[in-house]
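Below are two complexes that have chain A in common, paired first with chain B and then with chain C.
For the complex of A and B:
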């Protein structure tokens, strides 16, 4: 039963990925490609949050770390003139380094206090971008961020990045790669240690696991991919601004957390599905833009009370409910 | 660097401290709720914002006296706190993530609800005490002085309540050790309700005072929430006295560092300070073990 179910899961994931690859053939609309691009970035963000969560902690600084990655990559590309592939990597590495340095004091706290600290950190990063006018453009924002450099595959073709379709494929490939790496990490030895720490950190420490180090490592990895997502966002939008209600504010950190819980944090694919549904769905109700957050807030509360395991547990729950009905 | 005169600096410190004291009300409420229910009330900023909006509608639109309007608003928000506790937080108490998500959902719901209902444009409550007085050689608006006075009085009142009255002692006990306090016959449901009511009332007062000094908009709650959280983090988490000290530190940072080193340094300073404090003393300045 279990292996059969695993096979079904694997086939559904593979067929879904194939669907994503051929999607641009049917979507001639740039708007939807843009939405899908943002969805991909959100998926990287939610998976990196899920990685940090696998040690039991919740980071609420996603927006801030994303800002750090985005501005690092954009400024390196604009002021220093490095190519996109390098700046993206450097943005990720800088975010990871900052997370490790901050993780050392922060990981001494746990639970809600870690969340508060990361929330404050995220907001501080945004405020730096907002106030440091000479570097980041402040309230005017940073515009004219170059796109990725073309890739030349010798003898075959040169991939230019000038249409939305190219960007879509770029984000798709990077998102899939990130997911693969994070999935391998979570199912590796390290991943098991993380879940041990999540279950009982005192017991883990008593059998000789360096809890602090593993937690900092998870925070660093998560922040690395958050930085990558931020860099992608910067070069995808070509424009950055750090206002409170924008992409780098507290709102993003909150929404990414909600995507994770909505999808279900029990499984690796849960948060991904949550981010996918909750980024695409509001776009189909664009006519009622004003009421969107109201509905969103209400939906979130309902989900917590009625399907606490998230959307991914829905099929199991329906199955259980039908079985119970049959027996009674 | 350009020279900063002593008067400007003093003025700025006093302004920072006044606003810091209003944010202390926010932090005390948050901290009280957090230590009793272990829930971080993200919608606390929205309670603060709603408190300000109710005062605006009562005093500006209906023409009721400002202080009477504050009383009504505080009472209403205390009831809102009770309702939130009863229907949203009580069923989820003892868990970590679900109450947090519900609080975030409430935050989004209330914030966008107010945006839809009352409009996104900033509103302002006319100053309840025009004019200014001279303190330590600097001019300060009477309304600001009164607001700081009210905040200090309320913080003192909260301390007296927690140290002297029966219910206050019960709250302190519940925040120190949940199980032991239950064994002493202190009902956890009642304590959570009390904490939410008192916390929400404090937030509403803070919101109304801030609304009279600055302006109202649907997003004012987020700013206040962040300031409140910075105060909690600075002063040591889980300690009420730490909250007051944190407020004063934040006020000084906003007063001194903002003027001397500029806004970038002023926004980084709390984070650096917290990181240093946590390295030296992992419990925070006045905090207890986690």
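For the complex of A and C:
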């Protein structure tokens, strides 16, 4: 029974990925390709947050770490002239290193204290980008960030990265790779240890688990992929500015958290689905853009009250409701 | 023979309050040492300091000839000191066997990469771990309940499961904080025979904090009595129960009515 369900899950994931790969053949609209690109970046962000969350902590610094990654990658590409593939990796590594150094004091705190520390740290990263004009352009921002170098697949084609379709595939591949790595981590021994820490950290310590080290590791891994997402964002938009209401502000950190709760943090795919729905959906109702925060708030309240396991549990819930109706 | 654990002038202050003051105690290999005293005497503080959950304000802890005073809890566990908590601390929403599986964490010998790549080698290790967990569960008598959720077990079984999780560490010294409190008579006798079997069959040394005097007197080889953070008596159960200082601590000073 459960293996059958697993098989269904696997086939639906695989067929969905195939759909994503052939989507540009039907979607000749640059606008929707752009939206899907942003969706991919949001999915990497939400999965990074979910990784940190698997030790029981909530990071509110997503926007700030993303800014760190974005500016690192953009500046290395523009001022040093390194190629995108290298700058993206370096952005991720820098974010991970910063997280590990900060994690050492931060992860000694728990719950709301850790959230506040990451919130403030994220804002500090953004404000540095905002005020360090000579390096980051301040409020004017950085523009003309180069795209990736062309990739030549011998005998078939050369990807020039001059159209939205190329960027769509770039983000799709990197998002899938990131998800694969994070999924493998979650289901490995490391993920198992993370969940023991989330459940009862002092029992975990009493059976010999180095709680601090594993928590810092989760924070480092999560921040690595947040940095990767930031780098992708920089080279995808070709333009960066660190204003408070922009992509690097607190609203992003909160939205990413909402995606996770909406999707359901109990399962690996929950936050991914949450980010997918909540990034695509507002774009179909663009006329109501200004009410978006209100609608998001209402949605989260509804989810928390009626399906606390998140939208991913909706099919199971519907089955349950129907069965209950039949018996009554 | 050299004692397995030595507490030398062990002291813990909480603010200005001396929860434990200059405690000297030796625990011998293979014995069950009872640690008793009225509420607030500092028994759990002693256990927490040995387990590394609290750092002493002063004094030393020597385990097997090695200074372990300032080690964090997970290093203490690696050294072979296991503990069960006063309350039922378990991974409540996991199955019984999954709980024990956590305790086996230290013996996994599976490196990070093989789990990551999902090699068949790691699967084989998983089978061995399952077997080991089953063995421990049979020992504490919970094998038939291995697939139930920890939270669904009755109190006595949960207590036994706490013990099983700790046993998975293969400890040489066990710290038992009120192992039989809140149990019915039948559960108490089951638990006591388990602890006795640990000493006799596996040679595990135990320090037991307990309020159930019948259990303490029947099981312990030696008893130390704490009152207001100080040791007021130490000796065999017979010696301790006749000690006037102990009677005073538990019952108060006898007032002359006339």
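Here, the second predicted complex is superposed on the first by the 324 of 328 C-alpha atoms of A that agree within 3 Å, B and C clash if a C-alpha of one lies under 4 Å from a C-alpha of the other, contacts with A are read in each partner's own complex, and residues count from 1 in each chain.
Basically, a contact is a pair of C-beta atoms (placed from the backbone, for glycine too) under 8 Å apart; a residue touches a chain by one contact, two chains touch by 3 or more.
Quantities reported herein were computed from a predicted structural model and do not represent experimental measurements.
Of the two partner chains placed by the overlay, only chain C lies in contact with A:202; chain B stays clear of it. In the overlay built on the shared chain, the residue A:210 is in contact with chain C alone; chain B does not reach it. By the touch criterion stated above, A:257 is placed in contact with chain B alone, chain C being left untouched.
After overlaying the two complexes on the shared chain, residue contacts for A:97 are found with neither chain B nor chain C. Counting the residues of chain A that each partner touches, chain B and chain C differ, and the larger count belongs to B. Once the two complexes are laid over each other on the shared chain, residue contacts for A:165 go to neither chain B nor chain C. Within the superposed three-chain model, A:27 lies out of touch with both chain B and chain C [touch as defined at top].
By the touch rule above, chain A contacts chain C in their complex via residues 184-185, 188-190, 192-193, 196, 199-200, 202-212.
Residues 51, 53, 72-74, 77-78, 82-83, 85, 89-94, 102-103, 105-106, 108, 110, 112, 115-118, 165-166, 168-169 of chain C touch chain A in their complex. Here chain B touches chain A in the complex through residues 34, 38, 40, 42, 88, 91-92, 96-98, 100-102, 104-113, 115-116, 219, 222-223, 226, 229-230, 232-233, 237, 262-264, 267-268, 270-271, 274-276, 278-279, 282, 284, 290, going by the rule given at the top. Against chain B, in their complex, chain A makes its touches with residues 58, 102, 104-106, 108-113, 115-117, 119-121, 123-124, 127-128, 131-132, 244-245, 249-250, 254, 257-258, 261, 265, 290-294, 296-301, 304-305, 308.
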